[in-house]
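Some structures are shown below for you to check.
Shared between the two complexes below is subunit A, which pairs with subunit B and subunit C, respectively.
And now, the complex of A and B:
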């Protein structure tokens, strides 16, 4: 009863989604957006007319002005600095615009150009100090804040009356401040245009990438040849220019030079930036985050003002939000990977009946023996991690190696070893097609084709993305084994879509059906997923009818048969289940049966743990990785089975010296060749009673001249 | 390098002497007993604040919220006494508030790992906002009869020297003892010199950082009390002034590098003398408030630039994101 409940709970509750969602980049933008929605909803409920067009337009105007400043600050923060002087630059450029317009009577275009130039110069001071002289951004801009502010104070003492008494009546100037197109204020439109450009700039253009790179690691950026000092300096210039744009709109809207213009603005903008999720210290951030942050802060401050809060409350609220947001951001950035790695592993319920006996004296098809004791070794100590072995029509032996090469041992004595092809990823399953092209599944890369002359070509590395998966499962993460049908369809297994090559045992800890079988059509070049939700599908072999494949589910401890054509098309049948070990590769035997490697044997402890997902989850959270309970892959065997699911014979190595773990075996001219992903050799075992002329591909497709 | 930094102290002292000399000769009313008294009294509060700042700067931090600690807890004392509470109870409340504030700062910086500049910028706003909204009725909290006797903390003379100078001296001795004679002081230097190395060697760096900010806040509160006593009121809007830049200026000009681990009380004294003389001279010259700020800003900028050349940031131990 309890087991049934556990099984139902783990079958229908998607535990694995949490980790997958958290490891997505967009979650970091999603949180501020949700906050924005909550704040907006709360305020629209508690304040009348909050969502009226007039109120919205007013909010949009303010948001636009502050938004420009926030964009500049975002740029500076992403490059790894900070700009506190924006409030003073805002005041100074506001003064500049109004002085030129009201006192000197310049035409509007000249005023705009001069104001932008003024902002650029003020920003350039920061840029030179911080970029080229490498001063600390915080303290430097704090000082320029005070210098610019005193300069502003001195200037308005002289000119405020002149500016206040002038009432320029210039339509184009008023349009900048109060105009709107289709009901959208000018400032908002300009902001949208600049924001879209900013987004493209940051995500698609080289300088934007440079900025992010410098913020991420200044030293690495320098070492890779990015002009660090110039880029940083230019970011401050850009911040000055963007601030002056905001000031222009402000000047044209209100036309005043009060003493408190821009005072405390840096705190508002900084709060917006941090709240939007732009990381202090640099390297992460986007235009969207900046915009969302501005909207949240503006809604809160406007809301507080509407509710008649005292001046200090507004200030406290801002400071409090700023602190909490900074704290959350800093803790999250620091612990992100740790949190994700803790919640990513999501074990599920997986019950298996007690395994058949293997002990000597107990009988049964799996009874242990010592047949593999005197196996010959090929390439002892010279090859590393031959997951699969294969022989061509000319008796040469091929095996993958951990170093990303396909090695070839030349017939007849297999002493001479050469690199057949260099690939770069770890080769797993291999198969020849009719034209003697070698198809290889490469962990982390996909399916590759190696021509007889050794040239490497990519066959496929992506399949159709499933709509219900959070992880992007279109890329092939762990293509494992393959076989080729008579019609040139390549069926290959992808063991898991949740883990990389080096983490494959963790998938066994989860015991969820994370794997799939994919078909690549060599004629059309189309790749599509055939079966999903398999428990670490591994070995694949075309069955005798040519309309189905046999495949092994390693952590499902079963062999299944999938019909891809014929009357039973689309059906999956169980051939054998409840194996005593974890099945790996399947290959054809000379007598029409199939060879199967058991890469490891089941143990009572893991079988029990598989029924206790909560236990495994706690283990994943509290115990370091190297002390987790993993599937045993230190001992295994080779068995021969037929299509009816009967074990014919088994081969063991009791001493465990030559081949403690076997992931693959291949019969060829009376010998059985053995490979193992943790072994440093290839085994060769003389088979009794087998066809001494058996060559797998000659048998399937006839002898080639 | 060590010899050179010794020279920096001498240079700053020479600048002070020169400034003093020039002002004495060219500024009428500078070298009068009255003005000297004003100068020393102004300098006293600045110097005590400089000591507070020095502790965190040596520990590779900075405390922008110092002025809030100067204004709000002493303001609370005055306000509570005005409202009829006894002086000791008010003082105790203020001290508790200060300790709590220091703990918040320290926790944010040491445990939540928010950069110190950033954390104290926000907490300063928070404390000032709290004072403005909840604690004070007026911007300037006035002296009330209940405070009688307390003004001696900042007024009058002992042995012919103004009391506030004595207070500065006492603060100097306390801080010097803390930094030079106690294990905690040695830890502060170690953390400022290389936080990672300090941590690896087993120094309880996080509690020590919290301690730094608590002590700093307490000294700030003490400075506030001296100031309130000397002017018989607490102008809480001082938070909006540029006093904090003067304090940073004292520390940086005095030769305590912003990169931490260096300097001591003597540096603060020298820095205080220079800044005090400069400010006093500018006041006598009747330079406007904004003009003074402009000059101070430029001097501070030059000082920071010089500091960055004399004590370059240690790129190995500078944290990523140490802004």
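And now, the complex of A and C:
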């Protein structure tokens, strides 16, 4: 009953998606967007006409103005600084525009150019002090905040009456502040244009990358040859210019130079920046985050104003939000990778019935024996990690090594060892095609082809991306074993799409169907995923009908048959399940049966743990990997089975001293050759009653001269 | 209320009592392979305890009492139940505990009838006997519910029912000295009190009449067992098995432990053992994987061999080990005889001898 509930809970609740979603980069933008939607929804419910066109247009006008300032601040924060003087620059440039227009009567284009220049100069003061003279950004901009504000106060004392008494009637000037195109305010349109440019600038252009690099690590950026000082200085100049654009629109809209213009603006903009998810430490941020932050802040302040909250309350709310956002930002940046690594591993329910007996005296097909005790060793201490072994038609022996090589032992005595090909990744399953090309699955790299002369070519390293997967699963992570059909289709298994090869124990901890079987067509070069959701699929062998493959599910402890052609096309049948061990490679035997390597044996403690996902999840978090409960892969055996799912014979090495681990085996001319991924040798065992002339691919495709 | 909340938070976050850290073998406990070099005197089915009168070595092996003299073993006598503890008495006498429930005192090892028999109803798992200063006998009882050989269940049930008794041969009375111990296993007189191994709390406590138990040596990376006096002052402390983080973790997982005890053969539990590596059904941990044909000695020990030499204050001086890749695991008894240390490695069923000359100097240098 409890097991049933657990199994239902883990079957229908996708635990693994949380970690996959969190490890996506877009989650950091998604969280502010969700916040924006919540705020927008809440306000539109509580305030009438909140979403009316007039209200939206008004919001858009304000958003545009503040948005420019926020863009500038975002730039400065990303480069690793801060600009507190934006409010004062805003006030000064607002004054500059109105003074030039109302008092001096300059034409509008000249006013615009001069205001932008004024903003650039005011920003350049910050830029030179911080960029070139290496002053602290916080203190410097705090000082310029005071100086600019004092200058503004002095100026308006003298000129505010002159500005207030002038009523210029210039259509182009009014259009800047109040005009709209297709109902969209001009300020919003200009903002959109600049934001799109800003996005391209930050993500696609060299200076944008330089800015992010400096924010990420100033020293590394300097060592990489980036002009750090100039870039920082220019960021403050850009901040000044963007602020002055905001001020221009503001000046045109309201035309006043009141004493409180721009006061507290830096807090609003800073809140928007942090709330959008731009890290105060620098190096991270985007235009989209800045825009979302501005919208959230504006909605909240406007909402509070509409609800007749007093100014103090308004500011208090903003400061509170800033504090919370900064706190969340710091904690998240610090713990992000830890949180992801903790939630990424998501064990699931995996129940197996009690295994068939293996003990001596208990009978049954898996009864242990000592047949493999006298296995000879080939290349003892010279080869490391031969996962699979294969022999060519000239009796030479090939095996992979963990150094990324395919080693060749020369017939007839297999004493001479040479590097046949260097690939660079761990070679796993191997198979020959009709032209004697050797196809090899390489962990972490994909499917590779080695020509008889030793040239290495990539066959495939990607397949079609599945639509329902959050992780991009198009790249091959752990191609494992393969076989080639008579028509040149290569079926190969990928053990897991969630982990790398060295992380296979974590996949065992999860015990979810994370693996798949993929088909590569040697004629067309097309790669397609055939089966998904398999529990560590491993050995692959083409069945006798030529229309189906046998494959092993290591953690599923089963052998299945998949029909890729013929009347049963697309069907999967169980050949054997509830094996007492973990099946690995499958290969053809001379009598038409199949060899199967059991790489390890099941233990009751792990079988129980597989039924208790919560236990395994906590184990994964609290216990170091070296101490985890593992599938026991120290003892294994070789069995022979037929297509009806009957075990014909089993071969054991009781103490495992001669050949500790068996991941694969290959019959060749009366001998069985054994590979093991953690071994330093290849085993060779003389078979009784077997065809002394059997060569696997000669038998399948007829002997070639 | 606050304590309950804190405990829940600790369990959820793996902090406080929920941490599974195990001290490392460090300082005086730095690993070596000395026990692997020991000479095997005798191999028998189930050696349990040792005693010596100075000339003869007595070995409790299942139901049989063996004596070993000049390398030849002979059976002295046998009992109807397995011997669970052994202690030599002054004047050539011998005390034996049978099946953990009865203690008999004999005037000499082959005497027909016992001088005294203690069969207190409180006895359940008497696993060690030792002489106190005043000619009384001290017995440790591991558990009130689990038998002598069922200690793994006692650990997995988190029992804290170990007791220490004083047996007075003169008045034939049994006095409890301490109770509520996490598996009392082994004792040795120390001043007017008794040093007692408290296995499940990984420590050595001093039990003295009239006072509460005082911790002498704590935070051991192993489960301590029987103690004996060293000739040059101090003690030999055996440790029958070692702690691992996985077992500490399982001890904090009630649901898994309950199902494991109900559904799995005890031989394959995730629990410490006296020997390991004999079946693929035993739990295997990550570091146990044989790589290039080698098992790493630093892998987490399912079974381990360790004797610690303590000084007169109960602080460790040096230690003798048999690591994960070794065989002499499950050291349950060690006594000094002549210039040698004689040990029982219960895992492989061996009685071992290790010459002591030069050993202390070697560790001091």
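Heads up, the rule we're going with is that the second predicted complex is superposed on the first by the 664 of 705 C-alpha atoms of A that agree within 3 Å, B and C clash if a C-alpha of one lies under 4 Å from a C-alpha of the other, contacts with A are read in each partner's own complex, and residues count from 1 in each chain.
Everything below uses one rule, namely that contacts are C-beta pairs under 8 Å (C-beta built on N, C-alpha and C of every residue); 3 or more make two chains touch, one makes a residue touch a chain.
This one's a predicted model, so the numbers in the text were calculated from it and none came from an experiment.
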item: Side-by-side fit of subunit B and subunit C on subunit A, or clash; value: fit
item: Degrees between the directions from subunit A toward subunit B and toward subunit C, using C-alpha centres, nearest 10; value: 80
item: Partner chain in contact with A:282 - subunit B first, subunit C second, else both or neither; value: first
item: Partner touching more residues of subunit A, whether subunit B or subunit C; value: B
item: Subunit B versus subunit C as contact partner of A:323, first or second or both or neither; value: first
item: Partner chain in contact with A:465 - subunit B first, subunit C second, else both or neither; value: neither
item: Contacts of A:603 with subunit B and subunit C, given as first, second, both or neither; value: second
item: Partner chain in contact with A:219 - subunit B first, subunit C second, else both or neither; value: first
item: Distance in angstrom between the closest Cα atoms of subunit C and subunit B, superposition on A; value: 17
item: Subunit C residues within the subunit A interface of the complex; value: 14, 20, 244-246, 249, 253, 255-256, 259-260, 263-265, 268-270, 280-293, 299-300
item: Residue ranges of subunit A touching subunit B (in the complex, touch as defined); value: 80-82, 129, 133-140, 142-144, 146-147, 149-151, 153-154, 157, 217-219, 267, 279-282, 310-316, 318-320, 322-323, 326-327, 330-331, 334
item: Of all residues in subunit B, those that touch subunit A in their complex; value: 62, 108, 112-115, 117-119, 121-126, 128-134, 242, 245, 248, 258, 288-294, 296-298, 300-301, 304-305, 308, 313, 315, 319-323
item: Touch list for subunit A against partner subunit C, complex; value: 384, 505, 600-606, 608-609, 612, 614-615, 618-619, 621-635, 656, 660-661, 678-681
